[in-house]
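The following pair of complexes shares a single chain, chain A, combined with chain B in the former and chain C in the latter.
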Partner chain A sequence: MKRLLQSGFGVALLALLVVVGLINTAQLHNLESHVAALEAGGLRVAGTPAAPPAAATGSVGEKAGEICTLSAADEEALNDPANLLVPFRYPENWPASIARGGTLKRQIASEPPGLNLIASNNSADISELYKYITSRIGYQDPTNPDAISPDLALKVTKSEDGLTYDVWLRKGVVWQTPAVDLNDPRHAWLQAPHPLVASDFAFALELIQNPQVVGRAASLRTYFEAWKPIEVVDDHHFRIRVAEDLYTNLPQVFDLEPMPRWLYRFDEDGHPFDDATWGDKQNTHWYNQKGIGLGAYRFVEWQEGVRLTFERNPTYHATKCMPANFDRVEINVMKDQQAWLRNLKTHQLDYTQIMPQQFNAEIRGKLPYLGEEGLKLAIHDEASYYYIGWNATRPLFADKRVRKALTLAFDRAGLVESVFAGLGEVTSGPFDQRNPCYDASIAPLPYDLEAAKALLLEAGWKDTDGDGVLDQVINGKRTPFEFTLVIYGGSTEYETLARVYREALLEIGVKMTAQPLEWAAQLKKTAERDFDAYTGAWVPGWEIDLHQLWHSSQADKPESSNYVSFRSPEGDRIAEALRREFDPEKRTALCHAFHKLIADEQPYTFFYQRKRPMLYWDHMNDPVFAKLNPHRDARLLSFATRPE
Partner chain B sequence: MLQYAVKRTLWMVPTFFLISLVVFALINLAPGNPGQAGGLENVGSGAAVQSKSVIIFKRQFNLDKPVLVNTRFAMTRGDVRGLVATANALGSTPTPAQRIAAKNDLEDGGQYLVRHLVALLDDADPAMAQLAAQYLTSAASLALVSETAGDPDAARLENRRREAFNQSFTGWACPGELAATPCLTDARRHWQGWWTEHHAAYEYTPAESAWVFLTDTRFAKYWYNLVHLDFGISAIDREPVLAKVLRKLKYSISLSLTAILLAYLVAVPVGVYSAVKSGSRSDTVLTVVLFLLYSLPTFFTGTVLLRLFSQGTPFAWFPVGRFETLPQDPTTLGWLVDVAWHLVLPVCTSASVALAALSRYARTGVIDVIRADYIRTARAKGLEEPVVILKHAVRNGMIPILTLLGGILPVLVSGSVVIEVVFTIPGMGSFLVESITSRDYNSVMAVLLASAVLTLVGILISDLSYALVDPRINLD
Partner chain C sequence: MTDAVADDPTWGQIIWGQFRRRKLAYASMWGVFGLFLIAVYSPIFISNKPFVWNAGEGIESPWLMTLFNRSTYENAIDIFFNSLLFPGTALVLPAAWLWRASAVLPGRSRVARRRRIAGAVVGIWLACLLGILAFPVQTSPVNHPRVEDRLTAAGTPPLAIYPPIPYSYADTDVKLSSQGPSLGHWLGTDAAGSDVFARMVFGTRVSLTVGLFAVAIYITIGTLVGAVAGYFGGRTDAVLMRIVEVVICIPSLFLILSVAAFITERSIFHIMFIIAAVAWTGPARLVRAEFMRMRDLDFVSAAKASGFSRTSIIFEEILPNALGPVLVSATFGVASAILVESTMSFLGLGDITVPSWGQILAAGRNDNSWVLILAPGLAIFLTVSLLNLLGEGLRDALDPKLRG
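Now for the complex of A and B:
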């Protein structure tokens, strides 16, 4: 009896240990997944994904920088001066010759939970996959995000008062055939081709606004919350009404992607869902593990844990200008970074991204990699920035001189070079460095411990008790300068970073303790403002809106993104003005003023903007990278010669 | 013997219950929740609409319930007033953590808040009264029932009824700027009429309270479903967890079973050989090699094997990962060969660790026996050495390592995270890790409970097998 109890207890203990052990293993997920989570849950990648180009066999005389028009109707619509769309142009570095066809083999680090554009949980990885199969109202030039050309729509106009947007759709665009056996009598109801109609956009908005739908809808809802129902004028014309004339409206109009009502409002046997529960049904819709869209590629098959397969969409509407470069695309699920390189080397992949630590250890300066001739390396910028956020509500960090001193003590250039494999650029403000908003004349603060010391002294921090740590009387209490820095758990880079930083801080009399935290735990801390300082990253959108991160109204709101409680009347003024400013030059001036303010206030210690390496075989053309996430937009990749 | 087995089996039930309690509490109390993976948390400014979604999501997964015991029936009007004040920073300056906690409590309180919120409509502070009207619409609303379990037609009718009920009061929320008096007067009138009609459903007798205390909790709901063999659905893709687990099981079982088999096949002869040659140079060499193997982590062994045998440096005999290539028309035999070809390296990696331990056990077992009197007797009666060793020594010496088999059972299910990741095999191990990272409680519970059951069964089997093969052990 006693023995039995003991063994029962032993087993329970064992289970406990297993769980604890597994939670530790789970933390091994590196920085990458944090960033993915950031991109999914944190900042919306505003206006990032544009529509796909591509499809067809006939080679067109496409050349870098040249204009291509799909049809006479396009030309006519583009002649209308009210049209907000501009002609499509091939990117500047478009390859001179493309060998179309063949199968592109690529990898993906994590498997998508589903392929429903709105009801599946989205993450950064998946937004990249959607680009293959979907098309949007306009095609955003990946290398020049300001230019949006006709795609599903021929024309988009904005009313005089800025409160109405009219969208005219291209005629003859057809939804892809669902990836089911159409000969099966059960699916007979899906046989007829379905043209794209205006109500598909109205349906998309209904999906986003229905609180029963979770997944990506939950994060989209924040942005589309205030929209009134879409007014369908006729099958090819609809109208969007907004409450206020804001700069961010237009990018949002372009963000709205159509959803096939004829598919998602019905169960597998073709019976419509109840009005009471149709929203909830989207979360478990029978077609969620398959994809559908209007893009260059069509979903074929998903082998769980193995690969997703797409093929050229035979009914694609924009074949003339941007045909699909491949007949098939195989997206292999590979969680292990080492596996990416192994599979690349054995030609299971045509290209792969690489993680910084791998790059440093195995590739940097070692090309040709592993003695393989024909393997090429390309490095591209990423539209994100990394930073340390200082909690302004903590007395320790209330003084901007202190925050500046802490930046001066952070050897950012040295860390980027040694720890992050030189894959990045030290940055000084909250924008993508390639965005006109970024003021390149504002240089990042140098690494200067003497200057840091002087600033701290100026702010009243002295070592009065000779223990090597600065102190000051705050609220009548002698307070030593000690704080905790929350870092990404399980990232060796961030652990090294914290060690280096701690040493430097000790030299200026500041004691820092690093606290590695798993992603969920860090989210909780930042939402509750329960931290001194934390390491973070943002993916700012191309069309800048400062409200979410920097407005003081967001500082008071728990769970909003102004974690550091940045409050500045000047900042609020700029943020509000920027929302209502449409003139590009004035916008840039506002942004630059904000950049200057931020550089002076140092609510964050801006760290660096990341670069990412990619390895590819020389049968591929040198990749054209998109400025916005996803950067390795596969529609911009192509074969120079077809692999066997 | 039989009595013992039955007793042990019965004891497994409370043990299993305890394990499930510990694991369930641990998972549920860890920071984060499935909503985060669902993109529902931390989205910032999406006030009202967002919160509506969060409530629906939480109710679907019982996340609105307290983990182990429910004391919400005992809340007072003062408590609820305090929560509303804190969540909206009315007349006080709570910390963000307090505000978030209060907001969650209001989202989760549901039916238990209704009677207090109705009373708060008459609060002296108009701002409080208006907030009460807003919270009422979500607190009084009924969650939709699942249409996949039970009778779908009845469920559909029930959902229509519930949706109509919820719709009946959505217009009474009085949203917008605080203290819009006419709207508030209307709301009061509507809700008071409603309350006269429905109040019975929101008042609890002591017996009902006691029932609620134990049963309206996450753990109780989980066990209720478990008893009905319902493991729930994944919070990530809403697929039934059981179906998912069964699919992953194919990979993990073939991998572990083959690895265990291989480990035993190699370990026993190696162990016997080193026992017989105990102390010789070959024994020392074997010992060193085995200890080396034992101390090498699997991710290292796996990577080295891949490098040597699949990347063409120097050999490219095996694929660089995956479970199968999935040829166009797989015949059963063709498929088996294909899978076997893929499994060679992962199985070797997996077996390398177990092999070292097992062969040590085998060696010790045989050495113990070789010194026994009956072996001397066997030799004395002139039997040939191989016969002595194989027939007399090995059979008895293998008892300890046979019983080890029981302990290996759970590995069949839990799989090996490292090997699955290195060899890109979509098995249970990586599934479990992903589920933990995304706080997919139902998936985590299903995998861990399955391993718990197998651990229990394994321990039972090894205890029983001791008694079966070794007459010296008497269990009764």
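Now for the complex of A and C:
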């Protein structure tokens, strides 16, 4: 009877699922029929100019494309020709008016294990959340990543020999109040305001370089290991010394974020940690589940699994040029990405990103969007590219003709158009397509099975035993061309990709088996070089450094990112030259040479650079997208009218 | 000439008679049998390999040649069912004739003859299956419809006779992705451009295999544990039952999902074993109860007095009498195993090389396509309902109080 009940319950659940699915679909179809009517009604599509909202309040008078300086001291510092910082300029598509205040509601797919910027793990989520809380030495122009304007620092200079950087900090910048009950006598030691001082930067570097600190510090260490300790000249002036004059030094100077020594060197009762173990104490520091910084928003509360709440920072220093646009920011934790669109429709979110298949099924070609009056769509580029990596240490993939053939057999354009909903561009090299480093004259290889067959034959792969699978004698053993492709687990898109690729490969006599793996398992396999091929993605960054992914010295390091063991003397030469080249034109020439080399060697089968659709309610201004991390910078989002 | 002696009705015959009187259950049994036939014979109706093919190089049969090709049929489930199709069918037909012919034999020798026939069929088929698995047939996995298109375009159309639905569940065509139902594709296509109807029909194989194998595994484990616990009683029973209780305590779906997450290289066989690993406790308790009831009955005492070994008392005397309730729970078990597999595939923890119903359902949710939700949903609903009706009928037939 119990069993019957169980399965009866199961049947009922499934039936319910089917019914709900049907209702959902029926609703969508209903909505579609309204589209025509709405089009006639003149719904706006993102990008078309909006009529200025009547209720706009609190506009500071900032104008698109205009320069803004925070203070007289800024102007003076910017007049110094040695200053590496440039004046801040509002983005060209900055909204005409902003209704400041209200609560911005957005979502995040997963939470970091903690909120210590350096000692907690999982850097992606942390850096996303800290975009709200923190400020850096300089503010990177979101639409022109090469321009950095004064933020915490007024002036940054570089010495003649390139080995010393001097940073002059702004005066009067104050750390946010910690999110604790200050009336509690236990926390009385935290009551006084703490100004930002140069030693907070020295402390951040100490944290990163201290081997006792785990978490994000472990990955940051590789970038900062060559730095000498920061020399504090006075409270508002410090000096960074590096071992070698490299192009990547400057971006790293700007990447260093200050850490409050007055908080993290002490236990909850205000007693300092001793010098031998303070690093270890960071990993379990009492404040690690809370955030602190100098940015436009202040951390209020983290309800685990529910949401993180930030509020306008009353002591924020940069209120003149780009003040906080919202009183509060609520970041809801929503693990089911399929549900984001539903949550947007029910006004639990102000804006959201959409999955490719959802975009395909519900939105593509159905603009203005599905009769949800007031929803607008914007599609933006992402800096990431997707690829299939071939393990060059496996005899199957040692020959570049084979790798080329495998690329030719992969219908990238067809997949992007169908499975990935047209949200992307097929790419041919390891750079962001908008970066000057990307050589647009190098076209991606076409989808051509005949050419692939010919190349494989040229590389000695023939079907000698008539079994339909190519083979070749390798190390005295007849080896059939069979391999396993590791794909992202739980992704319907990648499962479909694998099915399509498998079919195409079978036609040229190559047998591929797909193996979906969880992210952690895949990372382990790639780090240990225990794979034939895998699907992956990189965010190449704006200031190109080829060392991490492509230098042969990284091929043998077990944890390094040169998973495919790419080795090329020419590639090494370019990677090293690029690190020491500062002239933009020469850098571009070097990048282009590298792009050509990579296109010829095909260590990866480059797939596509992704675009992402974003839907938002029309009480928001059309978003200004940052070139690098389009969604991370809350300062670029604003309300056109305050939502009720 | 004398007629064969009419035997007394055996226990099996009584049950069969009772079962046949329950019309719904009887119809369900044929329904399940129908599903089984669909699973076995699907390549005859759905395949992209022509039965006959002549592109000027002589007549060949790619359909037959690829029946056991591990490139065309990636998963062992398909190889298994294809072996039932051929040589399975070829064995069953003459065997059925011999079976019939044996009806004229007197009681004992008829039973012996029929046993031999059944043994021979299963033996030959198993030998073939093992042979196929050990020495995989390899032929060219050319996509014949595409070759045909190419040849036709070149003005030399080949002779090709295809099954009625000339697609394979593995065929992809991104130019035809996510299409609605049409004459060419009855249930439309999915994101990869595969024919959904073909995937649905081949999904029957996955569901039935998972159901039957998982249940076969756990019934075996459960019966053994239950028999030992029930027959010996005392401490053995106490220890075994405590283990059973511990396993029962863990919510099964939760356990299944966490175990599945541990296995990085999941195949459909892992999924069967995982289901079996949590479900064996039910039959263990049933069998134990039956053994406890029967171990002091007269026929057991008689067997003991005659000096039968323990093994033969347990397995030859008591067990056949205790199997009734197990059989009933097995039918329900098949249904719930099918549901569990669908759930796992739906959650992305299934085997991606097989077209399972749960997977199609997940794709439908992803693509927001009603066909992809409705079709597998109904198929699961139908299969599970048929199995449950069958189980209920069997249970009633076995219950002496309900005999009319």
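Criterion: the second predicted complex is superposed on the first by the 573 of 644 C-alpha atoms of A that agree within 3 Å, B and C clash if a C-alpha of one lies under 4 Å from a C-alpha of the other, contacts with A are read in each partner's own complex, and residues count from 1 in each chain.
Just so it is clear, a contact is a pair of C-beta atoms (placed from the backbone, for glycine too) under 8 Å apart; a residue touches a chain by one contact, two chains touch by 3 or more.
The structure presented is a predicted model; accordingly, all values stated were derived computationally and were not measured.
With both structures placed on the common chain, the touch criterion links A:Val500 to chain C but leaves chain B unconnected. Of the two partner chains placed by superposition, only chain C is touched by A:Val469; chain B is not. Once chain A of one complex is fitted onto chain A of the other, the partner contacts of A:Ala339 are limited to chain B, with no touch recorded for chain C. In the overlay built on the shared chain, the residue A:Glu362 is in contact with chain C alone; chain B does not reach it.
When the two complexes are overlaid, the chain among chain B and chain C that reaches more residues of chain A is B.
Using the contact criterion defined above for the overlaid structures, shared-chain residue A:Ala521 touches chain B and also reaches chain C. By the touch criterion stated above, A:Asp234 is placed in contact with neither chain B nor chain C. Look at A:Lys511: by the touch rule set out above, it reaches chain C but stays clear of chain B.
Annotation: chain A residues 4, 7-8, 11, 14-15, 18, 22, 25-26, 338, 518, 521 touch chain B in one complex and chain C in the other. Interface residues of chain A, counted against chain C in their complex, comprise 3-4, 6-8, 10-11, 14-15, 17-18, 21-22, 24-26, 28, 338, 355, 357-358, 360-362, 411, 414-415, 417-419, 463, 465-469, 489-493, 495-496, 498-500, 502-503, 506-507, 511, 513-518, 521.
Those residues of chain B that touch chain A in the complex are listed here as 8, 11, 14-15, 18-19, 22-23, 26-27, 30-33, 36-46, 49-50, 52-53, 56-57, 60, 89, 95-97, 99-100, 103, 144, 147-148, 156, 159-160, 162-164, 233, 236-238, 247-248, 251, 303, 306, 310-313, 316, 320-323, 326, 414, 417, 421-426, 430, 432-434, 436-437, 439, 448, 451-452, 455-456, 459. Only residues 69, 71, 74, 138-143, 146, 170-172, 174-175, 177-178, 190-194, 261, 264-265, 282, 329, 332-333, 335-336, 339, 342, 347-349, 352-353, 359, 361-370, 373-374, 377-378, 380-381, 384-385, 388, 391-392 of chain C touch chain A when the two sit together in their complex. For chain A in complex with chain B, the residues that touch the partner chain are 4, 7-8, 11-12, 14-16, 18-20, 22-23, 25-26, 29, 33, 40-42, 110, 113-114, 120-122, 209, 211-219, 221-222, 225, 274-277, 280, 283-284, 288-289, 303-306, 332-336, 338-339, 342-343, 345-346, 348, 370, 518-521, 523-524, 527-530, 548, 554, 556-561.
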